[in-house]
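Please read through the structure below; I'll follow up with questions.
Labels for the chains are A, B and C, by order of writing; each one numbers its residues from 1.
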Amino acid sequence: MPEVALRAEGLEKRFGGLRAVREVSLDVHIGEIHAVIGPNGAGKSTLINLLSGELGATAGSILLRERPVGRLGVHHRALAGIGRSYQKTTIFLPFTVLENVRLAAQARTRGGLRLFGSPERDADLNANARAALDQVGLSGRAEVAAGLLSHGEQRQLEIAMVLATEPKIILLDEPLAGMGTSEAKAMIELIRSLKEGRAVLIVEHDMDAVFSLADRLTVMADGRVIASGNPEEVRRHPAVRAAYLGEEGPP
Amino acid sequence: MDLVSFAVQLLNGVQYGLVLFLVASGLTLVFGILGVINLAHGAFYMLGAYLAYWITARTGSFWAALVGGVAIAFVVGLLLEEIFVKRLYGRDHLAQVLLSFGLILVLDEIRHILFGKDVHSVPAPEFLRGSIQLTEVLSYPVYRLAICVFCLAVAAAIFLVIQKTRIGMIVRAGAENRDMTRALGIRFDVVNRYVFAVGIVLAALGGIVVAPISTVFPGMDNQMLILSFVVVVLGGIGSVAGAAIGALLIGVADSFGKVFMPNFSSFTIYVLMAAVLLWRPNGILGRREI
Amino acid sequence: MARGALTSRLVAVALVAVAVALPFFAATYYLQLASKVLLMGLLAMALNLVVGFGGLVSLCHAAFFGLAGYVLALTSPPYEAASIWITLPAAVGAAALAALVIGALSLRTRGIYFIMVTLAFGEMLFFFFHDTRVAGGSDGTFIYFKPLVAIGSLPLLDLEKARTFYWVVLGLTLAGIALLVVIVRSPFGHALAASRVNERRARSLGFPIYRIRLAAFVISGALAGLSGYFAAAQFGYVAPQMLGWHVSATALVMVVLGGMRTVTGPLLGAAILMGLEEFLRASTEHWKLLEGLIIIGLVLAFPDGVRQLFDMALKPHAFPALRRMRRPAVPREAGNA
């Protein structure tokens, strides 16, 4: 069994009377892509926000490599090794591509908040940033303002930024949303490459992509986990067919 | 402190709080619905007070001042929205701050030109001039009670309009989801104009009704501006009910602060604000981050 | 690009040379006016660290400015000059402490709330000096002697001389510019800009947004205090109006007028606004009416400040040079570059 990067136990989130996430437990392993699927309103995005710390859980615990992080704020969790992308691309639009990634690399560096010196002339930062750009295939666009990139490139950039923070686990919230076929194809390959040495948790609506990428799936409906397992097990699970695949058709 | 003087202080606090509510509700409406921060709000309070002085002095009737002041404030509000404020929708807060700061300089200088820089007082209407005897030694001015009743009536009217009428519905819907409401064919340019004008009227109304119990003087706008900001911060931006709670809290805190620590009374309200910020940064009834 | 950078460097050197030489050809009145412009410019540049680079519209910087002035007034002995070595650190320290406390509370809020809360806390200090008899109440109090710059009994500089005072202020302003440029270019400055541009992304990369903003707020407050200390020394007088929010708003006008994306823009804004005030005051009694109208007009006409005019006159090749001063490029500029 590969090492567990992130473990959630009995995670619960209430908004007033609404229980958006109910007693969700899951393990995400190093070297695996773990997909969370389910119909709209199943609580998938809420789950990601609970894991990254944007929302505080009402109950339950989150362990990052056995270290409890459930009470830490967003930036502490980021430094502990949780990186994430957002449903709506979240990057620094007016800055150049390189500046974006360099900021990401800077965030986790000692002295990343020094009051003197210049990140632009910091060889280590630039090298780390370039390496992340290489990995997503944006090296050629380093000097372009992020706001001028195409939608697909912006998504790639967001992933490069996450990579530059050297996370243990990457949370991807609908990374394929709004992409054309060829863009999506490239992104799927990029996501596949992310699991090497890391854990990846992905929320995605594109079922073809999910079943081609995922090593493990968790199916949610009405805030709870109704099934989990490898793609084959999930595909055959009767509750899933009823609640979910019944509407979408088997992939 | 015995029970009667406690009651008098409480009444003073409530009366002050109600006037504060009148002014601050205008501010919070303009924030909540137009998304505009109007630093010149206090200047309209001062304008109201000066209009009350000027019209009363010309006509001898406070009622003429009340009606005339409201009418003038309303027209000024409509004009300002049309000329300046509508260009601020969607601009950043900084532009709004600067434009309303410019407006303060202009309004203050116009006040100087029209009314001079003297301190004035305004007589209360004849039949509201007496006092009610509470005990042998304590009495309470009728006019202050009249202010309470008047402000409560205006507050009730605001709540009724917002909760029960079609205009109120549009206003509520607009504050929640502007794009959707626009898609339903609501003319926001018209709604905005009236909301802004009503906000100005509420500020001026505050100035008119307090004119007989306070003096009318240059600079009276500043303290009211700060207080109504504190009220809005306490209550939560855009929330009229929050403004009511915040205003009463401040009114009462100020009134008792003056009794218990006369030298530092102005601090009580800031301590209150700091406490609320620590407890609920978005205000007591604040909904979301803005 | 090299030519653009060279040009702006030459212009800067020429401006500094003129500024240093000013006492040799300007009358005392203009020298004092120039000192005032530099001090207000320093206040505006300090404010801009928070407003332009941090994206936080603060309306309480006059409180730090005025508080430092009051500290000088309160620590000055009545019949002799105060030592600058004691009063200056006390004044700047008090301003920084006030910024720390006010910032810690205000930074829990965002947007419009932040504006209102800083305004209210700034006015708290105003009312403190206005309502209590700590330093003359609403009348204010005099500072009869300019601070003494001496080592032991050996006087180093005589600040009573308008010329010396001006040079000291000029030196401080240049030092302030240097400090701000270093900060803005530093990793901290980049992180501050990042939290302005996209707070959520900056936080999820691991930047401690609250602490970054608070640090910027305190640095900015301390610099505002530095300016206020010398402003009080120059006027020889402090009054509550010095802490009032109208001063903060005026500094904001300077920031916007000069452009918020450069360190020195607000200094230019201060020069323009104060020059304008001088002119208007000499021409009409109701000059504030005109000033107000001009401010309104500028806000509506030039959303990016009058610096916009200069930028438009420059060729695109000059933009990378400006960007190197940590002028975060908006897409269309970077596209040209």
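Some notes on this structure:
Keep in mind that, in the parts below, contacts are C-beta pairs under 8 Å (C-beta built on N, C-alpha and C of every residue); 3 or more make two chains touch, one makes a residue touch a chain.
Remember, predicted model here, so these are calculated numbers, not experimental data.
The touch graph of the protein chains shown is a line.
Seen from the C-alpha centroid of chain A, the farthest chain centroid is that of B.
For the pair chain B and chain C, the distance between mean C-alpha positions equals 33 Å.
Chain A and chain C have CA centres that are 42 Å apart.
Centre-to-centre separation between chain A and chain B, using Cα means, comes to 48 Å. Residue positions of chain C in touch with at least two other chains are not found. Considering their complex, residues 182-183, 185-188, 190-191, 193-194, 197-198, 200-209, 212, 328-331, 333-335 of chain C touch chain A. In the complex of the two chains, the chain B residues touching chain C come out as 31, 37, 39, 84, 87, 91, 93-95, 97-99, 101-106, 108-110, 112-113, 222, 226, 229-230, 232-233, 237, 263-267, 270, 273-274, 277-278, 281-283, 289-290.
Partner chain C is touched in their complex by these residues of chain A: 52, 54, 74-75, 78-79, 83-84, 86, 90-96, 99, 102-104, 106-109, 111-120, 122, 143-145, 147-148, 161, 165. Residues 51, 57, 59, 105-106, 108-113, 115-117, 119-121, 123-124, 127-128, 131-132, 244-246, 249, 252-253, 256, 286, 288-289, 291-296, 299-300, 303 of chain C touch chain B in their complex.
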